[in-house]
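A, B and C are the chain letters, set down in written order, and residue numbers restart from 1 in every chain.
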Amino acid sequence: MNVEIESILELVRGALPDVVISLRKNPGPSGQHSLLVEASSLVDVCRFLRDQLEFDLLSNVTGIDWPEPAKADKVAVDETEGAVSPEEGFLEVVYHLFSTTKRVGPLVLRCRTADRRESARVPSVVSVYRSAEFQEREIFDLFGVNFTGHPDLRRILMWDEFVDHPMRKDYVAPDDYEYEPTPHDAVLEKAKRHYPAQS
Amino acid sequence: MISDPSMFSSAPTLEGSDEDQLLRVSLGPQHPSTHGVFRMNVVLDGETVVSLKPVFGYLHRNHEKIAENATYLSSMPYTDRLDYICPLTNNWAYALSVEKLAGIEMPERAEYMRVILAELTRLINHTAFMGFILGDMGAWGSALMYAFREREKILDLFEDLTGARMMANFMRFGGCRNDLPTGWAEKVSAIVNGYGPFLDEMEKFLVGNEILLSRCQDVGQLPKETLINGGITGPMLRAAGVNYDIRKADPYGIYDRFQFRIPLGEKGDCYDRIMIRFLEMRESLKILRQALDQLPEGDYIHPKAKIRGFKAPVGEAYARIEGPKGELGFHLISDGTTNPYRYRVRPPSFINLTLLEDMCLGLDLADVVIILGSIDIVLGEVDR
Amino acid sequence: MAIDPKLADELKSQGVHVTSFEQLINWGRSSSLWPLQFGLACCAIEMIAATMAKYDMARFGAEVFRPSPRQADLMLVAGTVTKKMAPQVVRLYNQMAEPKYVIAMGACAISGGPFKDGYNVLKGIDRYIPVDIVIPGCPPRPEALLEGLLKLREKIANEKLLGKNRARHADPNGAASFPVPEYGPHDLNPPVNREVWNPPTIVREAGGGDA
C-alpha cells in the first residue's frame, strides 16, 4: 500500500516545527515520492516516524554518489518555484521505511551531505533503528560517508588497510589487465597498455 | 591482520568476566559450520560467549558496481549468483523492480509461471536448509542426503525449463524467457504430490527428536520489538510470532488469488525457526496445487516488451518480494540511459545478521553454530 | 626395467601381481584423495551435489572431506576467490602436507569469471598457487567435477617420482609453500606471484581478434 506522502509531511511539520524537510517528486511510473530531510533534523524525524506514526521497520539504507547535482534533482524533483540545484557534488543516503502494523510503505527519506570531501557527514540513525548498523558501515566503507554517532564505524566489506571508497563514480581500479585473451571495448583499451611496444 | 588484537572487542560485555582469562577465537573463514566464507571473532569466557563480532567481505564481488556499467538485462544473470541456493526468486525481485521503475505490465500466464517457480524455489531452499542445519548439529551429511535427493528432482525440472540446474536466468522484464514445454506442468504435479510424504517422513524423524529439542529449544530468542527494529524479516520474524509476510502484507504478482496461511511460531528460538520452515513448505505445496490448477493459456511475455536496447524512464523504484530467507529488495535509480545509475540489493541475510551478537551473548560456543545455522545465511547475498 | 605385459598377464592369471613401486604408490594416492572442505561460493553447492546420492563422488574415493588442511591432500577451490580471501587460501594451501593437488573449479577460480572487472576479485587462484586441473563452467555440472577428478587421477597415476621430470612434491628443491600476500592500500601486495604465474603475451586487434 503506497503512503500518503503529503499528509505525512504535514504531520511531521506539525509535530516538529523546527525541522527542515521538503517533498521531492519521483518523475517515474513507480510513484514513490520522497522527503528530503536536512542532516540536523534526521534523527528527530526518524524518532517521530517510528514512535508516533508506527513506521517501525527500516528496511533499506542506500548510499548514492552524485558528482553532478543536476542529475540528482532530475530523479528527486523539487517542484517549488525557483528551485536551484546545489553547485557542488554530494553524497546521498536514502532510507526506506515500512510499517508492519499499518501495512504501508515504502516511505522514502533522503539526506544529503554538504560535499564529497571533508564534510561528507550524516548523523547515524542507529539509535532509532538498529537495522541501520551494518548498512551504514557499508556506506562508510564503499562511499566514504561519515556517520556521526555510529557506535562502531569501521570498514565492513573491504579490508581495514584499504584506503579508497570503491563505489564512488571516480574510483580507478588497480591495473591488472596484462593477460586478457578475449578483450573488447573498454577492457581492450586497458589491455593495450600492457602490449609490447610496436617496433 | 589476524594477530591484530583490536579486531576483538576489548571490553567484556558480560559482568564478572576476568580480562586475562578470556579466550579469543576466530571462527572461519574456512570452517565446516560457517555456511560459506563467513568469519566470527568470538571472545569466550570458558565456553560462554562474551562478545561476537562478525567479519564480512570475503565474498564481496562488487555486484553493484558491475551493474552500474552494464545494461539492465545483463545484470539478470548476476542476480542468480546473489543467493545461489534460490536463484529464481532473485530474478523475480529484480524483474519486479525494473517493471516498477518502467511501468511494465505482465500477462496472466507469466504471473502464474513466476509463482510456480518461486514456490518451487522456496521448497528447495527450505529443504537444503534442513539438511545444512542438521549437518551443523552433528548429523554429518545423513539429513543432507535426503534433502538433496528431493532437491535434485526439482533441479531436473528447472533444467527442463530453463536449461540450467541452478543459475536459471529465466525472468525478463514483462514476463519469462520462454514458455513451458509440453508435459512440464504434469511433472510438477507429480513432484508436488510426492513431496507431502517426504515431509511426513522428515517430520517423523525431527519433530519430537530429543537432540533437536535439547539443543534448539530456548536458544537464540529475542523479543518481537527488537527483531522488527533490527530489520529482521522472513521466517526468523514469523517464528517469533510477528505476522508479517510480504505475500500477504504487501502483495506482489498474483498472490492475493491464492488461499494459504502464514505459519507463526511462539518463542522465536531455533526450534521454532526449524519447524516453521516445515510448515511453510506445506503452504507452498498448497499454493503450487492452486497455481497449477488455475494456470491459463496465453503469452509468456508481454508482446511489446523491449528486450534489447531497453531504457528506463528517469526515476527510482524500490520493490521487494518475500524470498525464502526474508525480504529481498532492489532499489534502482535510472537516469534515462541503458545502464542503471545506482543499483542496490537489499540483502535479507546481511540484515538478519545484525542481531547475531545479541542472540549469542551468554550462550555456549556450540549454540553459536546452531543460531548461525538457523538464521539461514548465504554468503553470496551477505557480501554481494 | 619395464615389465613385459604378456608376462605380467601370465603371472596375474596365476595369482601373482607384478608392478613397480611408482605405479603402486600412485595408485594408492589417486584412489583415495581426501579433499579439503572448502567451498567459497555457488560452485560449492554443485560440489556438495556431486558428493550426494545422485552423482556419488564416493565411488571415486574422494568422499571424505576433511575440515582441517593438515589432513587433506586435495584443495577444490570452488567459487570466486576475492582479494580479501586470497591470503587465507594461500595460507591453507601452505598448511597442507605434500603431496597436494589443487583443482580450480568454476570460471571464477580459473580467471575471475563473470566478476572479473572487480576491485575485490582475484583473477584466478593460479596467480598465487599452482593449479593442477581446471574445470570450466559457471557452475560446472557435478558430472564435470567428476570428470575433472578422473583427469586428476590420471595425472597422478602418470606422475614420475624419480628422475628428471619428477613431480614437484618428490623434488627436494620444489616449493611446498608459497608466500602469503598482504593487504595493501589499493590492492594485494604483491598483486601476483611471478614464480607461479607467467602468462603468455597475447596481442589482440580491435574487434576481439580473428574467428
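Please note the rule applied: a residue touches a chain if its C-beta (ideal position, glycine included) is under 8 Å from a C-beta of that chain, and two chains touch if they have at least 3 such contacts.
None of the values given here were measured: they were computed from a predicted structure.
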### Query
What graph shape do the protein chains here make by touch: line, ring, star, complete or other?
complete
### Query
Any idea which two chains share the most contacting C-beta pairs?
A-B
### Task
Could you tell me which chain's Cα centre is nearest to the average position of every protein Cα atom shown?
B
### Query
Which chain maximises the distance between its CA centroid and that of subunit B?
C
### Task
Could you give the separation in Å between the centres of subunit B and subunit C, each centre being the mean of its C-alpha atoms?
31
### Distance from subunit B to subunit A - Cα centre to Cα centre, in angstrom
25
### Query
Where the centres are mean C-alpha positions, what is the separation of subunit A from subunit C, in Å?
43
### Message
Touching at least two other chains at once: which residues of subunit A meet that condition?
### Response
157-161, 166
### Query
Residue numbers in subunit C touching 2 or more other chains?
84, 117-120, 183
### Query
Taking each residue of subunit B in turn, which ones touch at least two of the other chains?
1, 57, 60, 62, 65
### Query
How about subunit C: which of its residues touch subunit B in the complex?
37-42, 44-46, 48-49, 51-54, 67, 69, 79-80, 82, 84-85, 87-88, 92, 114-115, 117-121, 138-139, 141, 182-183
### Task
Would you pull the subunit B residues touching subunit A in the complex into a rising list?
1, 56-57, 60, 62, 64-65, 100-103, 225-226, 228-233, 242, 244, 249-250, 312-318, 320, 327, 329, 331, 333-335, 341-342, 344, 346, 350-351, 353-355, 383
### Query
Where on subunit C is subunit A touching in the complex?
83-84, 117-120, 123, 183-187, 191-192, 199, 201-204, 206-209
### Summary
Counting only contacts in the complex, subunit A reaches subunit C at residues 157-164, 166, 171, 173-174, 176, 178-184, 187-188, 191, 194-196
### Task
Show which residues of subunit B lie in contact with subunit C when the two form their complex.
1, 29-32, 36-37, 57-63, 65-66, 69, 77-78, 81, 84-85, 141, 144-145, 148-149, 151-152, 165-167, 379-380
